[in-house]
Amino acid sequence: MSGHEIKRRDFLKVMGWGGVGATLAGCDMPTTVTLEEGKEEVVSYMSPEEFVIPGIGIYYASTCQQCSAGCGIYGRVREGRVLKLEGNPASQINGGKLCQMGQAGVQTHYNPDRITKPMLRKGKELVEVSWDEAMAELDKRVGKSSSVDGQRVAWFSGSMSGHQSVLLDAYLESVGSKSHFVYEAINSAVSRAVNAEMLGDATPHYRFDKAALLLSFGADLLGASSSPVHYSTQYGEFRSAPRGMHVQIEPSMSLTGANADLWQPVIPGTEGVLAYGLINMLVNKMGYDASGLSLEVRGLIGKYDPAYAAKVTGISEERIEKIAGLLKSKSPSLVLAGTSTEGQRDGYNATAAVTLLNVILGNVGKTIESSGTFPFPQMAAKAGSSRDLLSFASALGKKQYDVVFFHGTNPVHTAPNYLGLVDNLADVPFKVTLSMFLDETAAVSDLVLPLLSSLEDWGTHVADVGGSTQTTDVTIQQPLMKQLYDDTRGFGDIVLSLLKARGVEEYTGFDDYYAYLRDAFSSTPEAITGGLGTKAFWQGSLQKGAVSIQLDKGALQSNPFASEVSEHKADPSYPMHLAPSARLGMWDGRHANIPWLQEAPDQISKVVWESWAEIHPSTAAKMGVTNGDMIKVESRQGAIKVKVYVHRGVHPNVVAVPMGRGHEQYGRYAKGRGVNPLKILSQVTENKTGELALYGTRVKVSNASDKGTLIHMGDSESQVGRKLVSTVTAEVFKNTEGGGNSVA
Amino acid sequence: MHINEKDIDENIKWAEINKDVLKSMENPRPAYWVAIGLCLAMLSVAVVAEIYQYQTGMGVTNLNNPHMWDLYIATFIFWIGMSHSGTLLSAILHIIHADWRKPIYRFAEAMTTFSLMTAGLFPMIHLGRVWNMYWVIPYVTDRGIWPNFRSPLVWDAFAITTYLTSSALFLFIGMIPDLAICRDNAKGWRKKLYTVLSMGWRGDDRQWRNFRKTYMLMACFLIPLAVSVHSIVSSDFAMSIMPGWHVTSFPPYFVAGALYSGCAAIITLFILLRYFFYFEKYMTIAIMEKICKLTFAIAMVWTYLNLIEFASIWYGHDMVSKELLISKFTGPYSFWFWLMLFCGSVVPFMLAFKKYRCHMPTMFVVSLVLNLGMWLERWMIVTPTLSLSYHPFQWDVMWPSVVQWGIVFGSFGWFGLLFLTFVKIFPSVSMYEVKEMVYHRKREAGSAASEEGSAAPVKNEEGNKATPSGSGTPGLEGA
Amino acid sequence: MSESRIFLSSEANTHRSGGLPRVMWMILLAFAVMLPMVVNAADAIPPKGTYDGKDVLQPIEFPHDTHAKVNQINCMYCHTYARRSKVAGIPPTSKCMGCHTVIATDKPRIKKLTEYWEKGEPPKWKKVHDVPDFVHFTHEKHLRRFVFNADLPVENVSEVCGFCHGDVKNMTVANKRKPLNMGFCVRCHEANGGPSDCWKCHK
Amino acid sequence: MSKCRIMGLFSDFEEAFCAISDIKEGKLSGVSIDDVTLKSPIEHPEIEEVLGERSAPVPYFTLAGAIFGITFGFTFLSSAQANFLVQPQGGKPVVPLPSNIVLTYEMMILFAVLFTVTSLMVCGRFMTKRSSLYSEKVCIDQIGVIVEMDEADLESTKELFKKHKVLEIREEVKQ
Amino acid sequence: MSLSNLLNDWTRYRQGIEEGGFHDYEHIFGMAIDLNKCIGCNACSIACYAENNLAVVGEEKFAKDQGMHWLRIERYWDEPDLGADDQEFQEHGASFLPMMCQQCNAATCEPVCPVAATYHTPDGLNAQVYNRCIGSRYCSNNCPYRLRYFNFYSYYETSWPAPLDQQLNPDLSVRDKGVMEKCTFCIQRIRVAKDTAQREERELVDGEFTTACAQTCPTSAIQFGDLQDPNSKVSQLWKQYQVKLGTTEQSKQNKELRGYRVFESLNTEPCVMYLDRVREV
């Protein structure tokens, strides 16, 4: 397989290190400079492409795989090495921009802790074996000749799309398995369900660049959202004149909340009441028309008078009225629900209340647009949810599987303790992990297959956020350089060889995944190729990094419904709420082994390299802790000890412990660093969708009597009267920059 | 305790002076060897620390982004400051014919030279790339690059080179007649050494005549030089825009601080030498008292300049400097700041009391405390400014690492070693000048007592026409 | 001489030439303090300095003289990147084989080359002309300055290459003949009005 | 007629002073005051009253050194600055006067001191061989008076010395 | 340089003073950073790590403030301009401030370097020449923004274990211990664009070059360009907001207009303009 790869892409070959003014060794410390002739080596290409010139960088288009947003990227390649990633300006999703995780893609690729050979469990240890041995083992377990029952084979993956997804479906079909679990720790499954029911579109386009007011119930659009760069570029537009206003209601400040004009803390689990309270106020006091709603809904709204909402949420009636007033005065608006609203016992109902606000305010169709229908459903994104994790765990508990494949996700790290995943997995006879790293899941597997990095592999992706109402992109992921390790293989290649091992006729003709992709592209309908020849279309798509697909026009319906939000009950023995907030950077923990991201300060606390818990100063004062002191966060499922960061961006009843760290395995940068709040999540699920209720855990917090200091960037959190960040009011902004671009 | 009111007993025989001083070069008290051993031990700490720092990088010092300078620079200024008293006082006192300087100026000048040599090490230790240190020197290359003559650090390099050269020469020139004495009395390698160093001193009138002019001229040049050197060192700070550094009064403040710490160091070394070499006859308590009074005066000048600085910042419009000042008084370094003020402004009041001035053990401790205060002053100049300057996001409180402390500590060993070696090899009391002092004092005493005609050494047989009337013999004409 | 023609055609250097420094240096001389470097370069001198490089053992003893002198092949025919990139580049093995599948195939060196070609592995040449890693030398700009913009016939490019690489035409394996240190660069920059901005070469 | 030198050692300066005064007053024929050299363990500026103002040109050298320091310093600095390849001036003039004045000042002092010391070596006839008349006692507590004269006057000189209570008289050994 | 050149230079300098600053440069690269748009996401900072071979120093060294982030996002909690601070909650969010070397035209770091390792280039940039630096660290002390970073260790030995070192950008040096470094406005990118322009015998065009941070900024809050080019986007922005070089206090016709430079009263002449953060109250 690797033989023709060289021929295929000789120009991606890594040129000799010393080849072109090498990089290393900076200045002339006497010991580090060798300038003698004949010390360094210089190597030429064998027969390069015309456009490959040593010393001049070339850019190739590809797709970022650092999260599932699917941003288009350019990789700068010099002497066969990819040096830097930049956004692809042609991309509909990110428009030439990239977030920190995307920038760090090169460090995933060049990571020193990648596994370079297949690993098979022999006895207790995982030992490196050859691909032949690994494939033979696979064949023995799930091959054609094996006696495996297809029903007892499961595939557990992260969200995926494109041709890989098609290929995987084909494989699972050939095996006879119906168990494909798609799990993402950071997901928006509840919102999808609500949107699908109320608007008839699970992932409508949110157009807050068109909105005058963005009211977010914990939706961390700019941070850990389904497409951070896409939303950030939109946010840039939103903030330009005429500047939209942003109100954020959440238990602990997210990156998005940090940018809000008004940040309102709220007790997790009372957002639904607040939303209903707002609806009540809009309908009863501000004269919004509720006649379109059913009697049942209207009756329900009537129950939530502002006084009640104020009582439950602890937010003053004036404040609720102020927000309602803003909603009235600033139209169109956009109201969004995020993880803190969704991740509750009745998150579905709360999210529905939030979405109902959009309906009542008339935002549907204005700031919420239909996402159209993608004509190739088999390639569309399979969005991850945590429900799949729960059902997988319960199936494991019932010993339903003999063979489990893991790919693109790390459930052993992100699953709560109470699921007992590790113990249950021990009972599965054969676990295969396709991974670049020996992470927690790989470490408990019986066979680990080393994957190519996303910068070495082929693939196609379809994002479910971004794009316009008319078109969406099938983005292409192409190798930016020759693979670093000979004994790593692409995901597509592995699935393809599994398919071949199952003896599926259709696929025997393809040498490798690349051949499969080429074939798939050569059969593209002319409507898409635009009449270009196969080769020209392929080259053009590669250069652009995407194929633009015309969408079937969709339309949003409005099917308003409402159901009661259960009363928020206090828990005297565990009085605090745990907010396991997700952050751009570590994400769900998958980027914990990237040194750049470990050293990138957290946006809110500016902490690096370790975990921390955010609490409100009043809480801290009660416990007698200050910044850097150790506290113990204890739920019914366990306890973690973590240093504390005190600021006023947290509700006093909430302790927020960002997720992403606390790895027991993984690489040198991640291992044994920080804590994982997901481990102590309580056994709370969302009633309707069966999702894990991320924000539903009650904890008690105590002073662990261990003084310390946080490792963080910066010192003063106040500007001490220097004019560093100068702030003007929106009034002034409006006066000077107003609606147009003209400046008075 | 008997207090000798005279600076020196003018009846000392000249030969006795020679004998006493030459003896000091042979048989010190055992404490001397203990001190040498102590210095060696201290120095070895610094050597180990420096090797570690050289191999690993400056990071081992705990320096960090706001704190790019710390103890090394503070100690550099401290040593530079200490170097000021020796030469400067010696030169000033020489010019104003204060003859009580004569028994003590030699070791004071040696102190200047060696503390300068110690100080000179610190900018090197502090450099990130010591091996490229020579780039600060303006030498001709074909690369067409020079040092940046605008930089106060280059001024430092010029000034320190000049000062070190000049003060070493001043010390050496002043020592030539004594070296001749040593030459005449030494044996073995010492004889060769002194023969070379005494440069053929014969003591004839031509040599004395040129010697006198040279010495006076050098003294004249050294006074402004010494003042300029510490002013230039102060411009390392005063030329920057940082609050707490950008202070107009820094040059005089530094010079005053320098004289202060130098005087305190003179007291310390005075007591040490007096003890090591049985110099009670020459380093008398009367002289000690004079130094103490001088030190007290300078301490008050220093205190005044401190107050000036506080006042001008307090009533000024620069809010950042004011915040910095307040934080010096109340912030993380406030303990050291108050300690500095205590050591530098309160402790010297002990010098105002004769009881303490004349009590050697007390003075030894007091002088060390004064120098501690002066060292703290330099630290409190360097570090709080870096901790709390313009950009609050980069504020930080930093405590030096053991490597820094080790090197600073060891620098005292280095200085001590150089100094103790010097006083063992060279006469630490100027013999010829003590003779001059005795000679002139005796004549003064003689003139006062001439009516009795007892102790008058002046021969008057040939009538009064042949009476010499040199300096130091006023009033003889009328006799 | 063509070299001097090149330099005479260059613009007079506005930054550094002439009077006062020379006078100043004269004063310095009079005080007899600093002797070297007094002779300020006139405006038409190629870089000065020689260096006695040691022989480097290459995987194949490439005969530059046969190619460049006997067969009159232009430097830039093989080192083709020089006109476009900061590096001149070692020619790709395919370029060698372009001729040597036909020419002189029986010579031992060519046999060695063919071996490399068949293995699919380019030879690992040893670097002869090396500058420290903090020096970013650009071939392209120097060629533009001295060849293309100076209207030098491209056939004569080896004269310009020779400024820094010595007379490679008369060597087999290239040998370092010029010091290639900063003084060497700077003197030539001075003489020919090259930029004197540090960041041109050091980044 | 050959010349010879003798040295008389006196126990204190006044005796020597009187002896030289006598020579000055011509009490010793054939010996002028210019033939007299005084050697002393300490400096006796008052001897000029009898020996007269003998030349000591050190200050001229000092002046020359200072002037050289100023001219050389400033020239050197500004030529270095003008020849600096990159001209790191950042919007300031090529030759910055404030810093050059500071540096020139230092150079002035440095060269003045160096010239002074050199001139001392030269004018004071340092680093020459000591004559056989040298006595270690001169460096302890005795005053030496060296007189150079014709051999004929030897005895009268000795007489004069003895009159002034000379302790010891040394004659130069003839080679 | 001849006597006449010296005199010319003096004349230029005098004129510069009269015009409020010495701006006789080929280019003056500058930035405009809109704090209304900056969301503090850190993308720029990581882009800078990727572009400029910035070392990862690790936990212990970062804890000692020995990190090497040329571009840092500062976060402040107080609200000095919106009246009193919020008492209980952070109601107006955080204040983010991306700080990179401000490329001051009257840089305080330049005159103090003893070996002229930092100086002003004809591009109007404040250059740091690594191989000339001897590590006296005076420049950093004299930088009111504290935006210079020192190589306290040989970070390259530990920062890029193989194969991470293959990512290093060969267009600029990797710094050894004892060397000061700082943001260069991605000089290597500017140089590539300039070389291309030179090769094609034309002027540098706005938009063909940009810094890594400006390139990646998701909200396009950072704009980069040549202030000498009147048509560049960034000089248009400076003009639009009536922010000028060569003054210690901006005098705007419209006092309400946003736009300021950090610590401009210190007369450092920074080339980075910040547009005020906006909050609706």
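The letters A, B, C, D and E name the chains in turn, as written, and every chain counts its residues from 1.
As a convention for this text, a contact is a pair of C-beta atoms (placed from the backbone, for glycine too) under 8 Å apart; a residue touches a chain by one contact, two chains touch by 3 or more.
Since this is a predicted model, take the numbers as computed values, not measurements.
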item: Chains in simultaneous contact with chain B and chain C; value: A, D, E
item: Most distant chain from chain E by Cα centroid; value: D
item: From chain B, the most remote chain by mean C-alpha position; value: A
item: Chain whose Cα mean lies nearest the overall Cα mean; value: E
item: Chains linked by the largest number of contacting C-beta pairs; value: A-E
item: Separation of chain B from chain D, taking each centre as the mean of its C-alpha atoms, in whole Å; value: 29
item: Separation of chain A from chain D, taking each centre as the mean of its C-alpha atoms, in whole Å; value: 90
item: Centre-of-Cα separation between chain C and chain A, whole angstrom; value: 52
item: Cα-centroid distance, chain C relative to chain E, in whole angstrom; value: 36
item: Sequence positions of chain B contacting 2 or more other chains; value: 129, 132, 143-146, 148, 150, 154, 390-391, 393-394, 396
item: Chain A, residues touching no fewer than two other chains; value: 20-29, 714, 716, 718-719, 721-722, 724
item: Chain E: positions in contact with at least two other chains; value: 1, 5-6, 67, 72, 74, 76, 97, 111, 116, 119, 130-133, 154, 173-174, 177-179, 263
item: Contact pairs between chains, per stated definition; value: A-B, A-C, A-E, B-C, B-D, B-E, C-D, C-E, D-E
item: Residue ranges of chain B touching chain E (in the complex, touch as defined); value: 56-59, 62-69, 123, 126-129, 132-133, 135-136, 145-148, 150-154, 157, 236, 239-242, 386, 389-391, 393-394, 396, 398
item: List of chain B residues in touch with chain C within their complex; value: 140-144
item: Touch list for chain A against partner chain C, complex; value: 6, 16, 18-28, 33, 35-48, 53-56
item: Touching residues on chain C, where the partner in the complex is chain A; value: 53-54, 56-57, 81, 84-87, 89-94, 117, 120-134, 136-137, 175-176
item: Contact set on chain A toward chain E in their complex; value: 14, 20-29, 32, 78-79, 81-87, 94, 96-100, 102-104, 106-107, 110-112, 222-223, 228-229, 232-233, 235-236, 239-240, 243, 245, 248, 253, 255-265, 484, 584-585, 595-601, 603-604, 606, 608-610, 618, 647-649, 668, 673, 709, 711, 713-714, 716-719, 721-730, 732-733, 735-737, 743-744
